[in-house]
Amino acid sequence: MKNNLNHRFGMVIDLDKCTGCGSCMVACMAENNVPFRKDESDKLLSITWMRVFRLNNGKPFPETDICYLPRPCMQCAGLHEGHSPCVSVCPATATDYGMETGIVSQIYTRCFGCRYCMASCPYHSRYFNWWDPIWPDGMEKYLSPNVSPRMRGVVEKCSFCYHRYQLAKDKAFMDGGRELKENEYQTACTQACPANAITFGDLNNPDHAVHRMVKPDLEHGGRPQNPHAFRLLERLGTNPKVYYLSSRKWIRHAGDNYLKNEAKMKKPVHHG
Amino acid sequence: MDSALIPKGVKRCPLWQFLLFIGAVGIVLLWGVYAMLLCWFKGLNQTNMNDYYGFALWIWADLAVIAVGGGAFFTGLLRYIFGKDELKNIINYAVLIGFICYSSALLILAIDIGQPLRGWFIFWHANVHSMLTEVAFCLSCYFGVLTIEYLPLVLENRQIDKVPFFHHLGHNMHEIMAVFAATGAFLSFFHQGSLGGVAGVLFGRPFAYREGVFIWPWTFFLFTWSAAACGPCFTILVTKITEKVTRKKLVKDNAIELLAKISGWMILTYIIAKTVDTWYWATVTAPSKGFTLMEFYSNNALYGIWILVAEILICGYIPAFILITKKGRKNPLGVWIAIILAVIGVCLNRWVMVLQVMAVPVMTFDHWALYYPSWQEVATTILPVAYGVILIAISYRYLPVFPNEAEMNPIEPLPEEAAAIEPSMAPEQELTPAEA
Amino acid sequence: MFPFNFEWIWDMGHTVFMGGLWYALTIIGIGMTYCIIKAAIDASKKNGEHHH
Amino acid sequence: MKIGRREFLSFVIGGAAGTALSPLPWKLMDDSSIWTQMWPWTPVPENGEASYVNSVCTLCPGRCGITVRKIDDRAVKIEGMKKYPVNDGGLCLLGLSGLQLLYGPTRIKGPLKRSGKRGQGDWERISWKEAISEIVEKLGELREKGRPQSVGAISGSDRGTVPRLLERLLTAYGSPNFFRMASVRDSYELTLDIMQGVQALPGFDFENADFILSFGSDILEGWGSPVQMMRVNSAWKSAGVKVIQIEPRLSNTAAKSDKWIPINPGTEAALAMGLAHVIIKELLYDNGFISADTSRFDDWKQLVIDEYSPDSVAAVTGIDAGTIVVLARRFANASKPMAICGRGDGTHPVSLTECMAVHALNALTGNINKKGGIFAVSDPDYIHWPEIEMDSTAAVGMQHDRLDGAGSRKYPHSRYLLNRLPESILSKALYPLEALFIADANPLYTLTDTQDTGKAFEKIPLVVSFSSFMDETARHADLILPNHVYLERYEDVPMPFGMLQQAVGLARPVVEPQLDTRHVGDVIIETAKGLGGSVATSFPWKTYYLCLKETLGEKWQAMVVNGFWSGSKSIDQALKTSFDTASGKFEFVDPNTGLKPQFKPVQIKGDERQFPLLLMPYDSIRLAHGYIGDPPFMVKTVEDIVLKHNDVFVEVNPKTARAAGLNDGQRALLGTPLGTAKVRVRLFEGIMPGIVALPRGLGHTAYDDYLAGKGINVNTLIGPVEDPDSGMNAAWGIRAKLSKI
Amino acid sequence: MSTSDGPAKKTIKDAAHETAVEPDTEGKIQKQDKGSGGSIILFFIFGVFASLILGWIIFPKLLYVKKKQPIDFNHAFHITQVDNGCESCHFFREDGTFSGVPKLDQCIDCHEEIQGVDRNEIKFVEDYVSKYRQVPWLIYSKQPNCVFFSHAAHIKGARMDCVTCHGHIGESTSLKVYEQNRITGYSRDIWGKNIAGFKKNPWDRMKMDDCAECHQRDAADIEKTNIKSPEHRYIDNIIKVFSPSSLSLEKGDSVQTQKDACFVCHK
């Protein structure tokens, strides 16, 4: 299919390098004014745009193995550009797919909290504000003016730090509206990652590291051509812009659902 | 005391008894209202919903009342468009039940959304690609139609009818009721369908996702179909319960039987379609996403394969076969069993398409998410029931809901009233507005 | 909802969907207006008649 | 005209029609929805000019460079400083949540004096003048009575000007009792002292090593400088460097390593000796290095050959002999193999012989003081202050033995043995501790055996905390003189443990002090001045700022511009100075005591029959367990299989759980000789049977509601075990039992 | 189907019958009611008028609270004193962000001491400069927190001038009264001076649709197809649906609206 995006911002997360430290989660919270509460141990009520999942290979001691998988919003493009699972379902057009960037954007003040988009997202990347965001007295001082705090009753999600794109573009406008360089627009999690496991850039741009790392086949829904690369739930047709790298087979296998006999069948074909 | 408001020729319980009943149900209603206010003022943290269970009890209740409220549109369709005259005696009640169901659905939606004051954005900023937009539009429009269908009945109240304007208004509305009914059927068809579409379009959720035609997944049609099939059962069920409570025969058997028969055939065809759909989904759609059928029904405490058996076999084929056979229809117990099973079946279907969809893990490293509702959710879900009971009680007491009631339950007229009432009996039932 | 809304575009989706909606609303609207006006006329006419 | 029912109705209908035609309902509808979009109780961050300030994060010993984004005068985001030698742009989650500490509710707003009972939390706000005169008075009194030695100080670190000022105050005053919080650094310092004769920190040339053998060091859980180690680990992944992780539990480090070898807890030294056995026996060692640069190799060799055959080691460690042989060969055959030790994130020391045994492996492969190996890195030598003037009182005071026994005849090499302090106080063997100052440390939470530590603290008449936060120790203090938070103050920050580079970073104020706090350096100087006499003259600086500037001298300017000052890479220098032993060679055996690298099992507490299991603390980078507790953002990242509501989970192998009749998620009672705690059970295949693992960093009783009361502090269940060779706490766990509730 | 007048006749008969049965109270009221057909209409009209007055005149007065600026400011005069037009005070920072309303530090450059005799300036220097207090200006064009508006994109990128959106504020000699919506807290200038939402100038109202007005037009301009009529776009869209590849022209950023996606203007 023809790809008419100007940019296709995407992320490559190297799971061999990811240590599961959670810095990406905190960097995201700090960057995006994510609220917190006294008890955050119910993870189904805890807003974490970036969430690190823990995978295990299900084997007994001592063959057991674990792996961490950071999950931002996948910024799905869907089978035809812009047909991400969540965008078309929003009844109030509060969420949208930007063709310029390939980022799924949202107006928090437009959202009226029907949560249909959450139901549609298989990655659970969308979060609902069950409570009023309350910062302890004085702590609201650290809130960033670049991201508006959300109010109770609306859905929010990872934006690939779109405001950083905006700020970078503002700066570029001062220089006569030049193109942005690769390092000028980076997400907060990418920047913070102590292990350098996250790479961010334009998948459409062959000069960008993300493109070189996964070699997305843009003619075929962005499928990675690097045999070590995979995407989450590839076969649902969500066409995510977040790619994962792993040298371990069981981890790559955990990225999608396979029928039992199918895994055997596919073995020689895949991951050559 | 309120005898001036009570329709002529029928007997009602004393006012104190009525008020006592309303009061008792009213307490339940107030409990629900309290919970509703909690949800509005404190937010949805009052519920046990979470980021996995974004849709929960309420949305199920919503879908369920709309499904069972489908009796109104389908009976209306049969009565006004297909001209099934026998149904004139039950159409008023079907409309009333539909009205209750749809107003309840709208109320639940108003509680369910995170920002009720912005609820109108769904209209103003409508996204036409969203099934929910279609639901909202058709739901509120159809609610308007139901109001229009219910209004003439209200205007027939003895005192209101005395006002010439209202009298004529009610009359004129009856005149063109077929047009409204047709519009209502059109709207209802679409929103019942879009409710099915809500789940069916979720291509990120292999449990819910269905293929279909153009923009409509199969669930779109299955939902409309099942509502048309099981809605009338609910109408019959409520009618029968009302008859039990009032200890009166209110609707003639021929109306009930006709409705039951049509419903039976509808259920049968529906359940065959549902079976085919389930088969295709289990063997083609789900495996193409990497799922086997049993993965959807195992590894958790609640959702087992029993649910499929219960929905399709027990609550599908059994009521269908009871209702399509004359013997079954004639057997009072059989009818009771059939309509109850059918209503349970359609509610179970809605439950599965709302809650199980949320519960099934999609990512391989995710887990089943189970959820139980908070008391606030339960209270707000019971609220519409209490409201419905009250509205039925009031309507029954003061409005000529059952045109045949007086005829089928003749009262011993008081000597001085006898003269006044007797002559009007026959013409009244003939001229009941429902016929117009 | 209206063509002047930000979200509106002239495409198939809007034509079919909004067409259906406005069609239904129009019928309901016209129907009700007809009933009300006719009821008002009838009421005044019949009232008058009754008076005589 | 009479207004009847119908007129009224008509009026209302007309009103409704008119209202619909007026803007009123529509505007109200619109405005009320806009009101929901701008609810007054949802904060609106003020916009302004963005700026960036470089500083250094001192929340943990990792010492990363940070760049703080500001909007006008508010700090809004902490990011890693690019090109900073430690972290080059990355930052851990504690560093990233620093602003929650700066602006958080747990900060102490000004000097406080206890008004109720200790630990009750009743405070009286006093002025700084009162606070300092209070201390001066007490110190003056003790000095007058000729007991200056009864004053002590606990500091989180002993490097940099602030700890040195505190130590200087004690010395000038007349007390030898300056304590530093313990860590694996102590073991390494001692090892380098004995084997290489240097007072230095180890520097690991991880970038150039090609085979890492980690004896329980959780490289990715905070061992060394966390961000640096993660960057190193990623570099290893790119370069294909092999990492072998040896520990009883599948930590993140183990999961990310190329091979995880589970080992019976506490037997790491035995494995090291077993590896040495194979290497020596198969002549795989670096003969050039051994013969030219080492001393007493044969002494040690005999021990290794005699007692540590693969089979006997296998019996002790639970690792089969074949694996040991293969591992030894792979290690010795790698060109730059490196063996490191320090359990978990290295918060606690290991026994001296264990550290020596692991370090001996490096000597066997000759990978010391060369590229890809271990270097001895001395502290950058930049603090040159005038000689302390000691009057006679001070001189007499300094003659006393330290209360912790460090430097005594028993433990001549050890510098600090804080773990021995509680017992020393309680046993009254020496002399009482009458005043204690605590800076950048939270001993009442972090020292093992919290109960004994608390009892010892009860015996100290005056406890002064410099903490910025209401931590456990501050809560039990008599006086709190809150320090500025790191983002509000200047401080020199030497490079952390493990780094090769001799460099010093500069922490500087990012924002104005938010509260009525004062730099601890200034408080020390003022106290000294208040004491007068020789103590005052030992502190010739007016303020800490001037002291720092003067101390750094010409480095100051470079530090202000670059954020840090860096000496030359110390590799060549280290080569010259690292074997400073009497023999001038690497000593396999302590020439003074004859102590050899070997396996000496640590006698952990508890009776095996009563406590059939082993409780081991484990570290997670998401749980800060130093003097800073988890800020809310970090608590948020803690998984629900670690903490659920207020319940902490212990990890046990399903086999162990089955034996105890426990299921996943079930509540249980965890008992050790020190106490019991309610926990929940989590079945984990990544842990050896027989072991119960409990995370460090939970169970705070102080701090704010976002942290306090969650889980169990493992230190309440574990006590110290004195290493007979060094006096350090060598406990790696304790015996335990797990029972149903 | 029964006839239409059947029930009507019956009921009226009924009613008459009833009045006959109960001749006292009800009968009287009914007679009275029947006599006041005109008054019913009159009251209807009363209702309409009262509510129209309430909605159009009283309500807007109640809705807005009028606030005075802390000190008055003469834009016209200042613009003669500076070299660089509006940007002299409302400047861009190096990072491309827009400074908005000047902070005290900028004003102090000129107003460290009292310059003239204007009482506003004297007040400014005495109350703010000498005490180093920021002036709590009430900002007419203050965007809600959910909005990201890039001045750089408009001024530097699209080379627009300030007047296009802000009007001739630069020529004003005095600051107008600030009207604040009691419910939303917005300045009246955002929702629109006119209560009905009509506007004459772009700066009369600055809601989302007003931004869209230009953006839609500009998007069309970029397509070099001039301003497209709805029919044109409709045909384009239909072609696009059935034959996506045949149209080369690009729509806006968004998939849903073919305008800009949410994050372009919202944060």
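Structural remarks
The letters A, B, C, D and E name the chains in turn, as written, and every chain counts its residues from 1.
Following the convention adopted for this analysis, a contact is a pair of C-beta atoms (placed from the backbone, for glycine too) under 8 Å apart; a residue touches a chain by one contact, two chains touch by 3 or more.
Just so it is clear, the structure is predicted and the values come from calculations on it, not from any experiment.
Contact with chain C and chain D alike is made by B, E.
Among the chains in view, A has its Cα centre nearest the centre of the complete protein Cα set. By number of C-beta pairs in contact, the leading pair of chains is A-D.
Separating the centre of chain A from that of chain C, both taken as means of CA atoms, is a distance of 47 Å. Centroid to centroid, with C-alpha atoms defining each point, chain B and chain C lie 26 Å apart. Separating the centre of chain A from that of chain E, both taken as means of CA atoms, is a distance of 36 Å. Residue positions of chain D touching 2 or more other chains: 32, 35-37, 44-45, 47.
Of all residues in chain B, those that touch two or more other chains are 115, 118, 121, 124-127, 129, 133, 164, 167-168, 171, 175.
Multi-chain contact residues of chain E (touching two or more other chains) are listed as 8, 12, 95, 97, 144-146, 256-257.
Only residues 1, 5-7, 13-14, 17-18, 20-21, 24-25, 27-28, 31-32, 34-36, 38-40, 42-43, 46-47 of chain C touch chain B when the two sit together in their complex.
Residues 29, 32-33, 36, 39-41, 43-52, 54-56, 59-60, 63, 93, 95, 97, 99-100, 144-146, 181, 183-186, 191, 195-197 of chain E touch chain D in their complex.
Within the complex formed with chain E, the chain D residues making contact are 1-4, 6-8, 10-19, 21-25, 27-28, 30-32, 34-35, 37-38, 40, 44-45, 47, 49-50.
Contact residues on chain B toward chain C in their complex (touch as defined above): 123-129, 133-134, 137-138, 141, 144-145, 148, 164-169, 171-173, 175-176, 179-180, 183, 186-187, 190. Within the complex formed with chain D, the residues of chain A that make contact are 14, 16-17, 19-23, 25-27, 29-31, 33, 36, 38-43, 46, 48, 52, 54, 56, 59-62, 64-68, 109, 132-145, 148-153, 188, 191-197.
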